[in-house]
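Consider the two complexes below, in which chain A is the common component and chain B and chain C are the respective partners.
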Partner chain A sequence: MAEKTFQKLWITFLKDLKLSFNGIYFYIEVGMAVIFTLVMVFVVPENFDSSQTFHVVLDAEPAYQSFLRNLFESEDLGQIQFHDDRHALHQAMEADRSSVGVVLSMDAQGLQYNLVLQGYESPRMRTLLKTLIEGELLSQTPGWSGTTDTRVLEPDSERLTDRAHVLPIYLTVNVGLMGLFIIAAYIFLDKDEGVIKAFAVAPVHIWQYLASKLCIMLIIGLGSSLLVVFALVGRQAHYGLLLGATVAFNLFGSTLGLFIASFFDTMVKAMGALYLAVMVLMIASVSYFMPSFNPLWIRIFPSYPMLFSFRELLLSNGNAWYVLQNIGFFLILSGVLFGLSVHRFKRSITV
Partner chain B sequence: MKRIAAIVGRDIRSGIRDWLIVYLSIAPFIIALILRSLIPGVGDSLLSVVVLDQNPLVSSLEQVARVELVSDLESLEQRVLRMDDVFGIVYTRGAYELVVQGNESEHSLGMLETLMARLTNPSSSVPVDIQFSDLGWEMSPLKLYGGIMLMLFTTVFGGMFIVLNLVDEKMHKTLRALNVSPLSRVELVIGKGMLGFLLPLVGCLGAAWIMGFSGIHLGMFFVTLLSIATISIIIGFSIGVMNDEPISAVASMKMVMLPVLLSVFGAMYLADNWHWVLFWSPFYWAYLSMNGILLQQADWFLVLRNSGFILGLTVLVFMGLRKKIVNGLE
Partner chain C sequence: MIEKESSRGTEKKGENMISVENLSHYYTQNQVFAVKNVSFQVEKGEIFGFLGPSGAGKSTTQGVLTGLLPLQQGRVRVAGHDLSHPKRTMFNKIGVSFEQSNVYGKLTARENLDFYAKLFDVPTMKTMDLLEMVGLDKVADKKAGTFSKGMKHRLTFVRSMINKPEMWFLDEPTTGLDPAIGSQIKDIIRQENEKGATVFLTTHNMQVADELCDRVAFIIDGEIKLIDSPRNLKLQFGQQMVVVDHLVQGQRKTEQFSLIMDEDKTRLNQLIQTGQIQMMHTKEATLEEIFIKVTGRGLE
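After this line comes the complex of A and B, so read on.
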C-alpha cells in the first residue's frame, strides 16, 4: 500500500520535473547562481575595508606637533587624514558622513581632544568614544599593568571572510525563501490551466500533488546551493549539513508559501502578501551583518536561525549541533505547515 | 486620454479587488516604518556585553554598551556562545575577566579591552580634557543607505505591478480583448504603465516622509523620483511581455534584485576609476542622485544629468524591446 502511494508520488514528481525542464524557471535559477558566483569571485573583494576614517587637526605649537602626530598614529584607529585647519576638517567630514573629526591641541594645561562628530551619534556612542580615548591614554601610561585577562571558550572558532559572509544571505533568500513565491505560482498556474481539474479525476491525492511540487523546489534549491557553495568556499563547507539545511529550509519556505497561498484564490492576490512576507523576513539580515544588534523580536524571525545555520555550516569548525537543531525544528515546522496546507487545499484547490 | 484613463481605472479596480495595489502600495510604508524603528537601536552602540547580576560595573557598562544580565556563570557562557557577538565580563576575587567565544572581530575585542582599562580604573587621572562638538548632521549613514535602498526597491514594486498585471491579462486572455478595441498600441502601453509609474512615486514620497528626510531640496527630489519611476516601466514591460506565466515572471523579478544590489554596493565600495562598469545601470544613476540629494550635496546639474541618463537608458531599452513589447501585448 505504502509502496503504491509513493509510486504515485514518484510518477507525479517525474511528470512535474519534466515540465519544469521545459519551462524557463529552472534555467533562470541556474543563470542566477552562475551570475552570483561570477560577481562574488570577480567583483566582490575577499575582505572589505570597513575601518573608520578620522580627520585630524593638530592645533599646537610646532614643537608639540610631531609628538601629537605620533600619539594619534600610535592608536590603532583606522584611516587617519591630517588637515591644516578646522575649515578643511569640516569640509572633509561633510564629504564623508561616516567619518569622525578630532582637533588635538596641547598647551601648558595639557592635552585637549575636541571630538568633532557629525551630530547623529547617540549619547551612548559619545560616552563610548570618550571612555575609549581615556582608556587608550591610561593603558599607555608608563608602568600600566591593568590589562584585563581574556578567556576564550572556543579557541578554534573562526570567522568567515567578508565574501563568504554574504553567502548565507543568498542561500536564505534564494534557497530558503524563494519557494514562497514559486510554489504559489506553480499552484495557480495549474489552477488556471485546468491541470488541477485533471487531478480531481486522477487517482492521486492532494498531498501527493503538493508534495511533488515541494520536491521540484527542493531539487532546484539543492542544485543552486551546491553550485554556489562549492564554487565559493570549496571543500571547507560541511556538505552533509548543507544538504540537511537546504532540505529543511527549502521545505519550510515552500510549505509556508503553500499555506499563505491557500488563503487566496488567484496568483495576483497571493503575490503581494508573499512578497511582503519575504521583505519582512529579510529584516533579520540586519542582525546577521551587525551581530551585536540582536533584539529578541529579530531572533524569533525564522530567517534568523536560517542565516546563522548557513554561516555555521560554511565554517570548517562551525557549530554542527546548532545547525542540526534547526534542521530538526524546520522539518517539524514544515510537516505541520504541509499538513495545514493539505487540509486547506482539500477544500479549495478544485474550486 | 479617455481611453488611457479607462485602462488605468480598470487596473485600479482589479488591483484593489486582488489586493495587489494595496500590498504594493503599503509595502514601502511598512518597510520605512520598520527601518525607522530599527535604525536608532542599530546605531546606538557598537558593543553588546553580558554580565552577572552583581557585577559592580553594570551601571558604567550601560552607559557605553548594550548590557544583558544573567544569574550564573554557566548562563553567561551559554550566552557568549550563541550566534551573535556578545562579550562576557566576569568579576571574581577582585579582578575582571573577559569571556569570549573566539570568533568575534578583533576590532571589537580590542575596543572592549580599552574600555575595561578605563572602567576598572575610574579614579585614575587621565591627562586629557575631552570636549565634544558636532556639525549638526542628524542623519546616520544607516538611515541614508536604508532610505536609498528602499527607494530603489520601490521601483521594483512598481515594475512588479506591471509584470503581474500583464501576465494575469495574458493568462486570462483579456489582452486579446483589448487588442480588438479601438485602443492604439501607444495608449495601451501608457495605460498599462501608468500605475507602475505612480506606485513608486507615492511609495518613495511616503517612505521619505516616514523616515524623516527633512531639509532636502524638494524640486530635485521630485525630478529624481520622476526619473526613478520610469525604471519601474522598463522592469515591468521588459519582464512582463517576455513571460506568459507567473513562474518565470516571478523568477525574472528576482533577477532584477541583482542589478539593484550591484549598482548600490558597487557605487559605495568600488574605487572611482571603476565606476564606469556601472554606467549601464539606471539604478547606479538613481543611487548617485538620491545620495547627493539626501546628503544635501546635489546641485541641479547632477540631478538633471543623472535623470537624463536614466531616461536615456529607459528609451534605449524600450527601443531595443519595441518589437517584443508590441508582439508581447498581442
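After this line comes the complex of A and C, so read on.
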C-alpha cells in the first residue's frame, strides 16, 4: 500500500519533471544561476577593493619610518603611495575618489593610526580596513599595544571574500524564496489548463500532487545552489550542510508559496501577496550587510537564519551547530506549512 | 422499470449506482443556488441523461457527484460511497469526462494517457487501443497542445474510460464534434454500457439523449422538472404528426398534420381523398419539442 502511494508520487513527479523541462520556469532559474555565476567570476573581483590605491602618511622617526614602509610594501595591499603630510594625502585622495588613506603616527602612547576615508565606504569596508591594518600590519610592529578604539563588528577572525560574501544572498533569494513564485505559478498553470480536475478524479491524493511539485522545486533549488557554490568557492564550502540547508530552506519557500497560493484562484490575484511575503522575508538582509544592526526583531525574519546559515557553511570553521539547528527548524516549519496547504487545497483546488 | 439485455444480467435490478437526496449547491462567488433541492436515483447499468439549457446546473451537479465540488447540502451516494465521507479509492470505479477538455498540452496524447493510467490501482485499458477508438492513433506522439478543440475533447473522453469505470460521468461528450465522430462517441458509450457501465450523461443535445438514454431528467434553473424514459415522455407528451408530400398544380408541397386536432384531421382526410399524395409518413415529436412543452423553455 505504502509502496503504491510512493509509486504514484514518483509517477507524478516524473510527469512534472517532463513538464518543467518543457516550461519556462526551469530555464529561468537555471539561467539566473548561470548569469549570476558568470557575473561573479568575470565581472566581480575576488575582493571588491583589491585594485584600490592605499595612500599612506608615515608620521614617525626616520628609523621607524623605513621599517613601516617595508612592512606596508611587503603586504599585498594593492597600490601604495606614500605622502609626506596629511595635506598631500587629502589632495591625492580627492583626485582618486576610490582610494583610501591611513595616517600612522608615533607619540608617547605608542603607535596610533587614523583612517582617512572618502565617506561613502560601507561599514563592512571600514571593518575590513581596520582588520587589515591592525591584524596584518600593526600586530607585527613593535610598540603596538592595541589600545586604539576599535569596535569589532564581526567577531569572527575569518571572513569571506567579497565574492563569497554575496553568495548567501543569492542562495537565500534563489534557492529559498524564488520558489514561492514558481510553485504558485505551477499550481495556477495546472488550474488554468484544468488538468488539476482530471487529477482530482483519479485515485490519488492531493498531497501527492503537491509533494510532486515540491520535489520539482527541490531539484531546481539543489541544482542551482550546488552549481553556483561550486563554481564560486570550489571545495571551500561545507557541502553536507549546504545540501541540508538548501533542502530545508527550499522546502520552506515552496510550502509557504503553496500556502499563500491556496488563498487565491489565479496567479494575478496571488501575485501581490507572494511579492509582499518575499519582501517581508528579505527584511533581514539589511542586517547581513550591516552586521552591527541586528536587533532581536530582525532575527525573527526567516531570511536572517537563512542568510547566516549559508554564511556559516561557506566559512571553513563555521558554526555547524547553528546551521543544523536552522535546518531542523525549517524542516519542521515546512512540514506544518505543507499540512496546512494540503488541508486548504483539499477543499479549494478544484472549485 | 428499465428492461435491457446486457452482461449485467446477473446483477440484481434496482440497485442504485447514484442516489441523490435533496442536493443543493451554491457558489460563494455569487451567492446563488446553482442546484436546488434535487433528488434522483440512477440504477446500475442505466444510461441516465441530465438535460437542460445552458446554466441549468448540469455541470454543477456532476461536479458534486464527482467530488470536485464540496457537498454542501443533501445526501449523495455514488458507487457505494457516501460523498460526505469520500474515499480516494472510489475513483478506481469512476470515470469522468469534462465539458472543457483538460489534458496536458505539453505532453503527447500517448504520454497523457500513459501517465493517467498509472494513477489507478485497477487494470487499465491500453493507450493505443483508446486512441484508436477515437481516431487519434496517428497523432499519438504529437503534443496535445497542438490538437484542435475536438481532438482534445476526444482525448479527454477516452481518458475517462481508461480504468473501465463502473460509473461513468460524461459532461457534453459529443458537443463540438463533427457528426461522424459524434456518432462514434455514441457507439462507444453504448458499447461500454452494454459491458456494464452505468452512465451519467449531461447534455443539452436532445438527440443524443434520445438515442442513448434509458431515462432523462429535465433540469432548469437548478431544479429537476421531470424524470422519465424518452419513450414514456413521447407517449405522454408527444403528438403524433403525419407528414404528407403532395402535388399542388404540379408543385410539390410538404405539410404536417396533427392527429389530435380536429381541424388537422379533417384537412388530412380531404387530402387523402382528393389530393395527389406522393408520400406520407408519421413522425414522433422530438424530445426537444417535449422539453419545450414541459418546461416552457428552449434548450439553447
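Definition applied: the second predicted complex is superposed on the first by the 242 of 351 C-alpha atoms of A that agree within 3 Å, B and C clash if a C-alpha of one lies under 4 Å from a C-alpha of the other, contacts with A are read in each partner's own complex, and residues count from 1 in each chain.
Here is the rule we go by: a contact is a pair of C-beta atoms (placed from the backbone, for glycine too) under 8 Å apart; a residue touches a chain by one contact, two chains touch by 3 or more.
Computed from a predicted structure; not experimentally measured.
Student: Pick one for A:R347: touches chain B only (first), chain C only (second), both, or neither.
Tutor: After superposition on chain A, A:R347 lies in contact with chain C alone.
Student: Check the contacts made with chain A and report whether chain B or chain C touches more of its residues.
Tutor: Looking at chain B versus chain C, the one contacting more residues of chain A is B.
Student: Going by the contact rule set out at the top, does A:G23 touch chain B (first), chain C (second), both, or neither?
Tutor: In the superposition, A:G23 contacts both chain B and chain C.
Student: Have a look at where A:V336 lands relative to chain B and chain C in the superposition and call it first, second, both or neither.
Tutor: neither
Student: Would you sort A:I300 into first (chain B), second (chain C), both or neither based on which partner it touches?
Tutor: After superposition on chain A, A:I300 lies in contact with neither partner.
Student: Examine A:K4 and indicate which partner it touches, taking first as chain B and second as chain C; both and neither are also allowed.
Tutor: A:K4: touches chain C, not chain B.
Student: Pick one for A:A198: touches chain B only (first), chain C only (second), both, or neither.
Tutor: second
Student: Determine, under the contact definition given at the top, whether A:L38 touches first (chain B), second (chain C), both, or neither.
Tutor: After superposition on chain A, A:L38 lies in contact with neither partner.
Student: Give me the intersection of chain A's contacts with chain B and its contacts with chain C, in residue numbers.
Tutor: Touching chain B and chain C on chain A: residues 23.
Student: Under the definition above, what is the set of chain B residues touching chain A in their complex?
Tutor: The touching residues are 18-20, 22-24, 26-27, 30-31, 34, 38, 40-48, 63-66, 77, 80-81, 83-86, 95-103, 105, 108-111, 113-121, 124, 126-141, 143-144, 157, 160, 164-165, 168, 171-172, 243, 245-252, 254-255, 258, 262, 266, 269, 295, 297.
Student: Going by the contact rule at the top, pick out the chain A residues touching chain C in the complex.
Tutor: Contacts found on chain A: 4, 7-8, 11-12, 15, 18-19, 22-23, 193-195, 197-205, 347, 350-351.
Student: Residue numbers of chain A touching chain B in their complex, please.
Tutor: Residues 23-25, 28-29, 31-32, 35-36, 39, 43, 45, 48, 76, 90, 93-95, 97-98, 109-122, 124-128, 130-139, 144, 146-159, 174, 178, 181-182, 185-186, 188-189, 192, 266-269, 271-273, 275-276, 279-280, 283, 286-287, 290-295, 308, 311-312, 319, 322 of chain A touch chain B in their complex.
Student: Can you name the residues of chain C that touch chain A in the complex?
Tutor: Contact set of chain C toward chain A: 63, 66-70, 88-92, 94, 96, 98, 100-107, 111, 115-116, 118-121, 156, 159.
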